[in-house]
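Just so it is clear, A, B and C label the chains in written order, and each chain counts residues from 1 on its own.
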Amino acid sequence: MSTLLSIQGMSHYFGGLKAVSNFNFDIPEGVIYGLIGPNGSGKTTTFNLITGIYTPTEGKVIFNDNDVTGLKSYRIVQRGIARTFQNLRIFGDLSVLDNIRIARHFNFKAGLFGSFCRTPRALKEEKRIREEAMQLLEVMHLQNRANEVAKNLPYGELRRVEIARALATGPKLILLDEPAAGMNPKEVSDLMTLIQRIRDEFKVTVFLIEHHMKVVMGICEYIKVLDFGETIAEGLPEAVGKDPKVLEAYLGKGGA
Amino acid sequence: MGNLKLPRFTIAAVLFYVVIQALSLTGALNGYFMIIINMSLIYVILTVSLNLINGITGQFSLGHMGFAAVGAYVSGTITTLILKLSPDIAANYPIFILAIIAGGLCAAVVGLVIGFPSLRLKGDYLAIMTLGFGEIIRIILNNIDYVGGPRGLLGIPKFSNFTIIYVFTFLTVVLLRNLIQSSHGRAMLALRENEVAAELVGVDTTRYKVLGFIIGAFFSGIAGGLLAHLLQIAHPTQYGFYASALLLVYVYAGGMGSITGSIIAAFILTFLTQFLQLGLDSLTNLTGVTFGSEWKMVIYAVLIILIMLYRTEGLMGMKEAKILKIEEEKK
Amino acid sequence: MGSIFNLQQIVNGLQLGSIYALIALGYTMVYGIVRLINFAHGDFYMVGAYAAYGVFYLFNAFIGGGAPTAFIVLILAMAAGGAIATLANQIAYKPLRYKPKMSSLVTALGVSMFLEYFFSAFPLIGANPRGFPDLLPKVIYQVGPAAISNYFIIDVVVAAVLMAGLTLLIQRTRLGRAMRAVSQDKDASKLMGINVENIITWTFLIGGIFAGAAGLLAGMTYPRIDPYMGILPGLKAFIAAVLGGIGNVPGAMLGAYIMGLAETFANAWNSLLGAGIAFIILIIVLLVRPTGILGEKLADKI
């Protein structure tokens, strides 16, 4: 298995406050990799550093053998890293279909002139993007919601829309930030199946932040545990689950 | 498939033009009425172009009339110069068209200049900065004696007529409609909805923010040029902060994000302004007490407060009338 | 070039700065508490000036009545400013408190337009500028090359007293502590039992009072008032508040005096520069250091 994402010597400070410290790890292609830890341990910050929202104070992010450290977020996305957010960031007043189509925009091969004048090429591209978006919605069983205004959808479906939108960018690596938050047990099961499909059918490597232990232990192939911005354990789920440092960090906190 | 709707709007637009033009030529609609129609059309361009920046891209521009001022002064200077060299108005219509476009392009450059600082600022800070830029433009124009300084640019030839204004308005509406309902337009909408998320689905938010300003400024400059050649004067006070604030009323009344709303609002409010003025004049005559034109602005101020308190989405919200929609929705 | 930095200009600049300071404080306090740029604030200043003028108009006896009556007029102007500010808050701003910020901004514009055009349109007031009668006989002292009037002393002293009073209020009283708490964290304040809406009302009230005072001082010092007199000073005072750090009370005072001095010097050199200096300062601040001289960054959580 080749390494898809390599974090090398990454540290990040907010002013004098250490958020993340001396990270070194590799994510191999084709796995589901979990990131867990108590609140405030630096998990979302790690995602923000990888996706270019912050530029790390020290260290490098190597994706697909390319150094993407410090690149602007949209460039990193265009190179193949997508993400979802802890607090949903859906385009609320737009339709579900539009939410997906926007994620295909950077593939739009007609320029502004084409859009202004509705040239045949622009129209062809519009058709293609529409079809690709509808296909993705069908795969995610959201095709019936295509024309609904996004903010009207129930929470569980909105989470799926956000995942679909991230997938629509055609990534090789997807970062899911607490995708199971606020879900009932059935939704959690469906989510676990979906994440496995993302790995198997979409061929996308998954890097996952979760608090929901059932999800983490159920589908992750490797786990990294953070506390106060430092790694306190990593490896296979069974080993990590028994690690005394991990149990101490969580003070006995288990599945939801 | 998508092409079926475009001719529908074009047909309607052509019909409207023919009807109004016929009524005008036969004298059924007098000159005064035609001036109001022309003003309404120019305000359509202004409102729709501001809507692109504020309503679609989600930025907050409080200096939109500054762009119009640039267009007015640039085109006005060109035509007054040309006319000195070759006084035949009829032959110079092509130059006029070019002058208008030149005015728009110059305004677009100013839009680019304003667009860049806008990248670092959000919300209220952005509003204040655009306000500041609008005022700087006004102060500069007030102090350039070559274009008339505080007296304004006078003696601009009356090139604007119903046909030309109508064509420019039609083109503005169609071009902006096409843009907004295209993939590029959706990228701009994404910017409005959630800038971080837009960036994280691959949208170059910097590019689209600046683009919004450039395109909005361009059309505003066009409107300014048309206005200057209708009123035959360009004066710094026409393009100050309050003119920009009034435009905001227009955009909000119609609906942030709706071209249809902007068109309707521009017509209704421009006509309303005239009717209000007539009403005030009648009241003055009836009662002997002077009801000054400031009362119109008082009414607009109350109107905008009421809209904000009770119907923020204005007339159309973000919706578009079917006749302006390109896509068919498959249910 | 050196000649514009003389004592006379400094005196004029400090005088102007005192008035800007009183206006800027209202802007900065309101922004600190509700994150709203109250465009109408400059018009509260105008209302204060007109209230004072109205008092003269109605009670002619006040003219030439000396210091005690001047003091009463000041109180009335402050009351008028406070009243209109509280009213605007209750009617137009409070209902939109928890809606998107753009609505409040546009509403503030509406309130501003309303005040200006209403005063302009109302037959008894009207758009024409009016001369402010002399509250107190003007006395001029020669200090070296500069002519300093007693009005200068009054402006600076009144401003200083009010600013000192505000500082005391903020640092030493319960109300002041509550105001500081609310401007730092509204939700936490609520949880601690502070009635946030009340504190907001107080903030508008105090800001309006200061604006009213500034209106009277301005009317007295630059004796011409008109319904649009609040537009430019309001804008410049706001820029001063941004310069000093919006939301920061000492920052507003600092920014205002810098603005007053800068504008006076710029005007002495070249009137075009004088007209534009405020906006140039604005653009520079927003581009170089948007948080202002004494301000702090308000962070965004992703």
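Methods note: a contact is a pair of C-beta atoms (placed from the backbone, for glycine too) under 8 Å apart; a residue touches a chain by one contact, two chains touch by 3 or more.
None of these values were measured; they are calculated from a predicted model.
Trainee: By C-alpha centroid distance to the whole-protein centroid, which chain wins?
Mentor: If one averages C-alpha positions chain by chain, the most central is B.
Trainee: State the chain with the largest centre-to-centre distance from chain A, centres being mean CA positions.
Mentor: Here the answer is chain C, farthest from chain A.
Trainee: Cα centroid separation between chain A and chain B, in whole Å?
Mentor: One centre to the other, that is 42 Å.
Trainee: Just how far, in Å, is the C-alpha centre of chain C from the one of chain A?
Mentor: Once rounded, the distance between the two centres reads 49 Å.
Trainee: So, what's the distance in Å between the C-alpha centres of chain C and chain B?
Mentor: Chain centres of chain B and chain C, defined by C-alpha means, are spaced 33 Å apart.
Trainee: For chain A, what residues touch not just one other chain but two or more?
Mentor: 53, 85
Trainee: If a residue has to touch 2 or more other chains to count, which residues of chain B qualify?
Mentor: Counting only residues that touch two or more other chains, chain B contributes 196.
Trainee: Chain C: which residues touch two or more other chains?
Mentor: 302
Trainee: Can you tell me which positions in chain C touch chain B when the two form their complex?
Mentor: Touch list, chain C to chain B: 35-37, 92, 95-96, 99, 101-107, 109-114, 117-118, 120-121, 123, 127, 231, 235, 238-239, 242, 272, 275-276, 279-280, 282-283, 286-287, 290, 302.
Trainee: In their complex, what parts of chain A are in touch with chain B?
Mentor: 51, 53, 72-74, 77-78, 82-83, 85, 89-94, 98, 101-106, 108, 110, 112, 115-118, 122-123, 125-126, 129, 146-147, 165-166, 168-169
Trainee: Can you check the complex and tell me which residues of chain B touch chain C?
Mentor: Those residues of chain B that touch chain C are 60, 117, 120-121, 123-125, 127-129, 131-133, 135-136, 139-140, 142-143, 196, 241-242, 245, 248, 252, 289-292, 294-295, 297-298, 300-302, 304-305, 308-309, 312.
Trainee: State the interface residues of chain B toward chain A in the complex, per the touch definition above.
Mentor: 2-3, 6, 175, 178-179, 182-187, 189-190, 193-194, 196-206, 211, 318, 326, 329-331
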